[in-house]
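Two complexes follow with chain A in common, the first pairing it with chain B and the second with chain C.
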Partner chain A sequence: MKAKYDVTKHALVPKHAKASEKEKKDLLESYNITLHQLPRILKSDPAIDHLDAEEGDVIRITRASPTAGETVFYRRVING
Partner chain B sequence: MHKDLEDYDGKLPGKMLQELEEKCPAGKLKKAAKRLYEEYLAVKVDSGESVGVVAAESIGEPSTQMTLNTFHFAGAAEMNVTMGLPRVVEILDGRKEIKTPMMEIFLKAPYNKGKDIKEIALALKETTFGELVTEFNLNVVDLKIDVKLDTERMKQLSITTATVVKSLEKGIKGATVKGEGSDLVLKLKGGEDKGLNELYKLKENVRKIYISGIKGIAQVLPVRRHEEFIIITAGSNMKKVLELDFVDAMRTTTNDVQEISEVLGIEAARQAALNEVIRVFEAQGIDVDIRHLMLVVDTMTVSGTVKGVTRYGVISEKSSVLARASFETPILHIIEAALVGESDELNSVVENVMLNQPVPIGTGLPGLVAKIDKEKLEHGETK
Partner chain C sequence: MPKAKASEETKKELKEMAPEAAPEEEEVLLKSGDVGAGMTPEESAAPSAGAPAAEAAGEAPSAKRESVMATPQYIFKQVSNIVFGVLSPKLLKKMASAKVVTPELYDKEGYPVDGGLMDIRLGVIDPGLRCKTCGCKLKECIGHFGYIEMARPVVHIKFVPVILSLLRSTCHECGKILIPKEKLEKSKSILEKIEIEGGLRARRKAIKTIIDSLKAGNKCSHCNAKQSKISLEKPTTYMEGERRLSPIEVRARLEKIPDEDAMIFGINPATVRPEWLILTVLPVPPVTMRPSITLETGERSEDDLTHKLGDIVRINQRLFENINAGAPEIIIEDLWDLLQYHVTTFFDNDVAQLPPARHRSGQPLKTLTERIKSKEGRIRHNLAGKRTNFCARTVISPDPFIKVNEVGVPKVIAMKVTVPEVVQPWNMAYLKKFVERGPGTYPGANYVVRPDGKKKKITEETKEAALEELQPGYVVERHLMDGDITIFNRQPCLHRMSTMCHKVKVLPGRTLRLNPTVCAPYNADFDGDEMNLHVPQTEESRAEAEILMQVQTQLISPRYGLPVIGCLQDSLSGSYALTKFAELSREDAIQLLIRAGVTDVGKLPNKKTVNGREIFSVMMPDDFNFEGESRSGAKIVIKDGKLVEGVIDEKSLGEGSGFLLRALHRQYGSQTTIDILYKVFTLGNEYLQMTGFSIVISDFDLPSIAQEQIEQAIVEAENEIQTLIQQFHEGKLEAFPGRSVGETLEFKILELLNKARNKAGQLVKEHAKKDTDTRIMVDSGARGNILQLSQISAIVGQQALRGKRIEKGYRGRTLSCFKKGDISPLAHGFVRSNLKKGLSPQEFFFCNITGRDSLMDTALRTPKSGYLYRRLANAMQDLRVEYDGTVRDATGKIIQFKYGEDSVDVSRSENGKINIQRIIDTTE
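And now, the complex of A and B:
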């Protein structure tokens, strides 16, 4: 059943977007980490429903931060 | 952005760059930005800093102050809400069932200006059959219950006797329902082998049958806040409330972090947990740097679901057996690890403390890498 309300428009939900392959590679290189070390987000998460994300994708989240104005956070998609 | 600042894009936080551009005369921008960048690097947290322990102490110390001055509200004007330390513990533990779930329901125009506010509030509240009844009469001879309905109450909620009968028929088994006007008759099916006991049970069961409103909303309170009307509720059902068309689905929230995680996703839950903790601290006049709290809520949400800071939550995510064992129930953890043959990489702090080794914090973090000339080494000419 499709919900009537739009989750992405809610005040608590920051902007979610799928990161491109290049962005993903740059990210992992700049922090010298593997994909496995990124924080996770469930594939069934309501906020990424509209992105059709697959396991292994990286989601770029642009948060409003009280200390830095705006910060970018990354999560990898896991099944669940 | 000014061209002198472009070099620092990505190196300095956007908020700082913006403020600098606004307040600094254009001619001095380059010099100021350079200076700012130096200062920024100097105040950044060093790598190897044990931020977790610092956060724990920074939250823990003020929390002990809090328990001593817990407020007690008198009167029924405000709803009873868990505040103070119990609330902080509840949030950080990531509890599934919180003590006082509560929603703040924002309304769309024109309802937010007070139109039909009472009706809307009443329609939200979960109404059970028991609330619509003025009188139950148990008739033991005929094995039936005569019910007198509260017609005034029903009119307020715009419920008809027919809808009540329908909901009752759906909700109860083993009895027939007949009703007209303000009178209802519930008759036990089967007869002979049943008695007062069954009749009494039926009466108690029928009280709890859901008739109208939103399940879980136990109390409603319309209030005025900043020139607009909102509805505060005791009890929470985010999903159902957001689906209503007079509700502003952009701002309506609940204080149940787990519920937010289910309805709005993990990022919203992170923000909600942060807001809730800040709210408790602020109400008590306690000043905790938000960075500590952000670290905690980030840790709670790394796994994609909200995990509490307990041995079942965040601690169970630790990769080191010894670190887990050092928190709570050590023997259990060690036995379990032994059964599956788990190994410990000794990458973190606690396990190295246990083994009397330098911990990877601060100066213990970097290792020395030296390039040694093999030939010279063999001739004993090392420097």
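And now, the complex of A and C:
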């Protein structure tokens, strides 16, 4: 089935972007964590459909926050 | 029992090829025996140096256990897995320390009979006797299992369904499962999936359906033997067609089942051989888990289990004798059935088809299943439901004269709940006085505990001895006294402020007393609420409670960063009235302050009359500066500890707002804040006491101009609605986009009526008498709002049900006094009158509709939202903020990269915000 609607255009969908290898490495290092300790996102998530993300990639999500204005969040891509 | 022996040998081989490591299972199996013994209340299973189960068990597993018990240091092991299994007859005999052969309990001297149910090899329950198995005394010996050799095998009631599915799905000739070899692999994988979803029970059920779907024509695919239908005649009789299968036959069939086929049923033959499901040997639980009670008359009353076991042994022996004497088959069968009944009720006395075994008094026996099951059972009552000593629970009532961090404890409670105090050379005389007064006179003592742990009750008789005996190292359990540390709590404990530490204040009466300011954190009121009081018993716990959970430490809510404890009700009205209007003579002012607990009135200006703000300023610290707002938006200025401008109301002092309190807390800490809070609270109350505070019906009078204007506003709205309705009927009304004309009309009517009501409210606000006590309450935020005021004096307004006007009632109308199809405001719940004037019958009825609806709504919503909150709290309970600012769960997974996305610790903020300007100002 073809997607009828591009969710990334919706006002409530925050900006999803693939993090570069370097950014990924820095992220894991700065929090002293392994990839598995990151929150997850499904590979089939409509919001990252256009990114061609593979399992193990890290997605950077930039969203508006009522407390901090704009905030950055990271998720690792999992299969499914 | 020759048959049993044969099977025993096959089993031994099995054990060697068992998939899991055998020794570990053995250990666990034995442990489960321990658990059974440990169920007796007050059982202290102290590891003793003796070799308890050594002779009884003999082989490898027991040797292992012995080594654990004999070494003084503990061995810590990680449990890798737990295997549940069924004890084999052989293992049962091995672990048993006595064979029970006689139903007699005691001989003529009252000494337990050898081979009886109270055999001292099974453990001791009499003080003075020693266990023959382990040599330990009462309370040291945890008890040991015995066994009964069954004359004929019987069915174990708890295994009836398993046995049935085994019998039905295997061949009675060769014992193999009734699935052909070719289809076995495929079936196995199907069953594997079913087990994941529905567990073992579903798996066994599925085997039957698979076999049925094979249409094998009731023939075994392995040996071609014809299979007949096996049914269960409840509770414990198996039938093959019309013929009854005796447990012996059943056992023989189960023996034939090969190990591989048992595995298909989800039975691991290493731990459970199918034939073990039939009882040939019955384990006798240790005496320690069925102790007898000695009545006052000296008579012994035995435990229900002992009674039941006695029945079993008696019938069993009779059966033995009859079989040996070659009695007719009928007699043997009868006895066998009776034995089956007794064994069944020994396990479960609540089997549907069996009459429960009863005492002579007629009350049913409480046997094994009843001990574990249900609310009063071991699990829910004893394991999940923990109870504490040194606690109290009663109705609460308010007492504004005790401190915020105090709790008023009734004397009767203070004399029952005690605090242990260790005797030292320097407090000996002090504690002796308590012992001297004994348990009956108030600050007395109830118990004296010797260093060896022996507890002695103090009575008139033992008082002298206890007094003489008392020396350093003893502990005196004295009555609760003023200043003792206690923990006070009210359910539901939704946040950490639901449990706080209070200091005791012993008071007359029968209720627990608390300062009304702490109602808010506990969410308590006094309509019959009960609360719990706990008394910590060690110095550590007392210190911990005092430092971490005392009321003043909980002042600022971690949820919104403002005080949870604040002034309320009269004290708000009082503070407002005081700071707004008061002009008192200096003498009166001093009198007022002293009643509020202020001792230093030097700050009061030396004038003949002082105003309320000056009185209020006395309680502020000298270097305190504060700028804030009152509820009306007016400025509040406190400069150098003097209230220069503004009135103090709910926004400064109230619970959940309290900006003045927040500022005090930040600058002077919790102790000072709570002291000031108490003084302000009392000052407000005392001021009202002094001036008097009451309401009159004329408080709600409106000047005639206002009345006219309100009337006009309503009439205008009504006229407009009339034209709208006319337009609607003529079809001239234009619909809103996406709405029908009818809906549009409804919207417009609602809007107009609301507008009229708001206008009325505005007029009331402007024209209603100022500075009446009613207005003081409303304006200070103590109680009531302007809307309620206008409902009383101007108009109640539209009653809305589910966001609409009232539509319910008869067909086409709400009440029979209206015409059908009447859509005028009055016919649909517009209440034109006010509460002072009184409502018309229809209006009264409409008000009741919405009133009842909101009542039901709150009654139904409270448990629902409570459950939602509970789920949320449980899901988040082990999240925490790490030092790097991330929020992580117990496994270290990141939930938030920055706590709250802005890393603000709310409990150190003001309403979730940080006032940067002030930080800059104060750092200069």
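As a working rule, the second predicted complex is superposed on the first by the 80 of 80 C-alpha atoms of A that agree within 3 Å, B and C clash if a C-alpha of one lies under 4 Å from a C-alpha of the other, contacts with A are read in each partner's own complex, and residues count from 1 in each chain.
What we mean here is this: contacts are C-beta pairs under 8 Å (C-beta built on N, C-alpha and C of every residue); 3 or more make two chains touch, one makes a residue touch a chain.
Since the model is a prediction, treat every value here as computed from it, not as a measurement.
In the superposition on chain A, A:Q37 contacts chain C only, with no contact to chain B. Of the two partner chains, chain B is the only one touched by A:Y5; chain C is not.
Of the two partner chains, neither chain B nor chain C is touched by A:K22. In the superposition on chain A, contact of A:A68 is made with both chain B and chain C. With both complexes superposed, B is the one of chain B and chain C in contact with more chain A residues. Under the contact criterion defined above, the residues of chain A that touch both chain B in one complex and chain C in the other are 39, 67-68, 71. Every residue of chain B that touches chain A in the complex is listed here, in rising order: 13-16, 18, 239, 242-243, 245, 249-251, 253, 260, 262-268, 271-272, 290-291, 294, 298, 301-305. On chain A, the positions that touch chain C within their shared complex are 31-33, 36-39, 65, 67-68, 71-74. On the chain A side of its complex with chain B, the touching residues are 3-7, 9-14, 16, 39-42, 45-48, 61, 63, 66-71, 75, 78, 80.
For chain C in complex with chain A, the touching residues are 884, 886, 888, 891-895, 897-898, 900-902, 904, 912.
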